[in-house]
């Protein structure tokens, strides 16, 4: 299975990257954008999807500062 | 005394740490794949970009075989000092509380900063005085110390914050100006500034000497050897 | 396996210049002229095959063959008593005593940085590091020389600056090599052609130095490092687009991504291989990838090579032989190993988690033969790749009666009081504090940095011998544009002056010649004059050129860049503890002016701010006087008598004094010699030094250190705090 | 609307982070993982979702080296 792990900063933790994006957008003429957060995307093929949560807890994320979500996705064609 | 400095692939400041330690004793390099701490009295987890800092700083290095030994050594009361990337690795490994997040500037920053010793009750600051100022450089992109509110309150109450950035000197947005914290047992210490780059008057201020002196004095006390 | 005879074209599909004209458009697309193609055919006695043409077109490109600059470069003096390796090797090396050599080189990565500034600059650093460890030296310092359009008005230039600096820091910081110096100028002529030049220094015991010459028939060619993918810009991208059909997007060559972690392992691995004496020769893979590195190794050793490109480990499936041969994937090295040592080499590489793959063999055929599985896809005499490309004579012509460059828009009228003029200069993008840039670089890793940026005019690095080396990088395109010969000579003098300020005697220099299109007579003239200027200054100072790089065709539709020779110079000083500093240090110290000095406002920063013409001539220079001034300062710094030394460069003596005050956080009161224009320039000739009065006897005393303001006669009186604020904010405010 | 922008390295572009993760996992006992790629996740509230592609091209991603995908998601409750 091809899976995506979406990792984002935990709510309440200062996210300067999100803020930087939010500040930069109006200058380029993009208004009406709020609550920007920047996190990480990890895509991978796993043989045993049941082990994904454990992988996330142990390596892919730091649960103290990040939340994550696992999403199934299309296999890559190659 | 004998220091051991870990070398991960991507470590950069391990030779610097070794040179600094050699001013105070013997210092050997410990290879990341070896499960052998070579009988050292103190372990230094040095700065740099272990495993490229890919994924998340310190995330991959904490799983190196040598880190299992370091965890055991620490559990048995061994002295462990984590500098910059080493601090990040120790947090990731759960040997120190909290985490390091990207600087609020989002940029790498090199700066000679003023630090204040908060607590002298530790093997790492024992030779200093409370409130004493040390000039030591920082150089990192991910040095903003973070711990959840309750944890932070607990750290402060337990006197685990050993070093703070002096007022106005916080380079990265660390909570409570925290520059370095120790664990509850006070034998594991991590800091973002680089004391190993502040030991030689030829190359700059020497605020880092206090840290290494403290470790040597502590080990000498413990083993009864002359400092 | 079929041995290809001289007359058979390997790899099939010979490019016949037949009726349909496909062959013609093909080699032209690859940048070869009809004449060059004819030469290839006549040398080869047949048409080249596909892979061969790809390889030849890159090896015959300006970048690899130096076809418009090679003849000119022969004028540069390359010999000196300290030279261990001169031009022709991956980096030049000078002897620094105690059995140690310092390798150094500067190289451009201008075009990739214009396309993707972060990765372009990062891979520029990666590339120059490889050139240095390719000769067996451990990289110990990086410097950068950057040029962008006017950051005050160009959003794009601010973006390029921000990202290029980020990329340089990313690579240097991550790999653990300190970035100890650099320079940045902003001029509109660089708006479309930014310059990103990176210099690296390395340290090696003499017996670890290694050349790139392949040797020993029967020896094995081993590829080290990263997987090979479709990475490449310039040559390779042209090639690949010629090969691909429409809609074949995924196959297009891509921007090179730097991986400093991979390079760190590769570097440690190569140094360990050399320490263990496991290698016969070593070479980095740069432009034109395997093609260039293998053919140059073969040429230098006078041998032949068989390479099986099917053995090259790939990052992407289905790569064609020509793609493998021209890929510019980063973080790779090529080495020659005796067969009995291959296993030992692979074991060291495993320890450093670095891939090592035997891909070929040395023989005595004098030919580079590329196999793919069982097929011969290229079979070329080595010399056709490396030596046979025609070298062109330049046709220089001095432009007369026309200014080649428009003046910058005036921001000063010219009737401002001196105080306002000084503040305008200090706050201008070209003179303001570079702190917002260099605080993104780690200057201290490796524990030998004795003088960091802003401490002194040159960086100083302690050596294990107890002595030290100093390094500086310089080049003022505006002044070279005004007067190419004197402007280029000045860059050499200024570098040497920077070294004198820390007490160092020059050992050698490297240079990067960044110019426009050399086929245009006025650019050819700039180039010729500049090389002559460098040559003159080298003779005057007895400093040899030990290496360098050339970057041509830096042109936009609006015209060429300012001619920008960048000089990097390395020197040696006996006692790092006495290395000079630029800051005024002590209340009551005397201030002296050292060096003959007849500056002019032509080509000066003030002339720029006033919108004056970019035109010469620059002041004449008396080489003997320059040498004497440098020697005086150097000797005094080394004696420990001085508290500060600073050369007078951009912005004239007023700016130099202000810099000494700001660095020391202390004022000064000065009376200028009669008739000396405080803002006029003649870089490289004169110095401001300070120290106890008794130490400065015999010098021209012009004032005293002390107070909280810089006072110059009755011309100006400005608080140091204000000088500091203005200088600090000039660039910082543009980078927010 | 709350949107997610998933940014990943373009196919064929060197992805050192993905490689590092792929190499680290087996050592932790997670086998059978392949084709790992690491990218970025950006979450944001936009008033005018039609402008998202333009935002992506101009600020949120580097089109030379990254591909992106826009996904609509749940509004944050806070």
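General observations
In this document, chain identifiers A, B, C and D correspond to the written order of the chains, with residue numbering beginning at 1 in each.
FYI, a contact is a pair of C-beta atoms (placed from the backbone, for glycine too) under 8 Å apart; a residue touches a chain by one contact, two chains touch by 3 or more.
Since the structure is predicted, the reported quantities are computational estimates derived from the model, not experimental observations.
A count of C-beta contacts for the chain pairs A-B and B-C puts B-C on top.
Rounded to whole angstrom, the centroid-to-centroid distance between chain A and chain B, based on C-alpha atoms, equals 30 Å.
Here the CA centre of chain B is 37 Å from the CA centre of chain C. Between chain A and chain D the centroid-to-centroid distance comes to 7 Å (mean Cα coordinates, whole Å). Mean C-alpha position of chain B lies 33 Å from that of chain D. Chain C has residues 259, 261-262 in contact with two or more other chains.
Multi-chain contact residues of chain D, defined as those touching 2 or more other chains: 16, 20-21, 24, 28, 38. In chain B, 51-52, 54-55, 60, 63 are the positions where the chain touches two or more neighbouring chains simultaneously. The list of touching chain pairs reads A-B, A-D, B-C, B-D, C-D. Here chain B touches chain C in the complex through residues 9-13, 15-16, 19-20, 48-49, 51-54, 107-111, 137, 139, 194, 196-197, 200, 202-204, going by the rule given at the top.
Of all the residues in chain C, the ones that touch chain B in their complex are 166, 169-170, 173-176, 259-262, 264-265, 352-353, 438-450, 452, 462, 576-577. Across the complex, chain A meets chain B through its residues 13-14, 16-17, 20, 40, 59-62, 64-65.
Residue ranges of chain C in contact with chain D, taken from their complex: 115-116, 119, 226, 229-231, 250-251, 254-257, 259, 261-262, 315-316, 329-330. Listed in rising order, the residues of chain B touching chain D in the complex are 51-52, 54-55, 60, 63.
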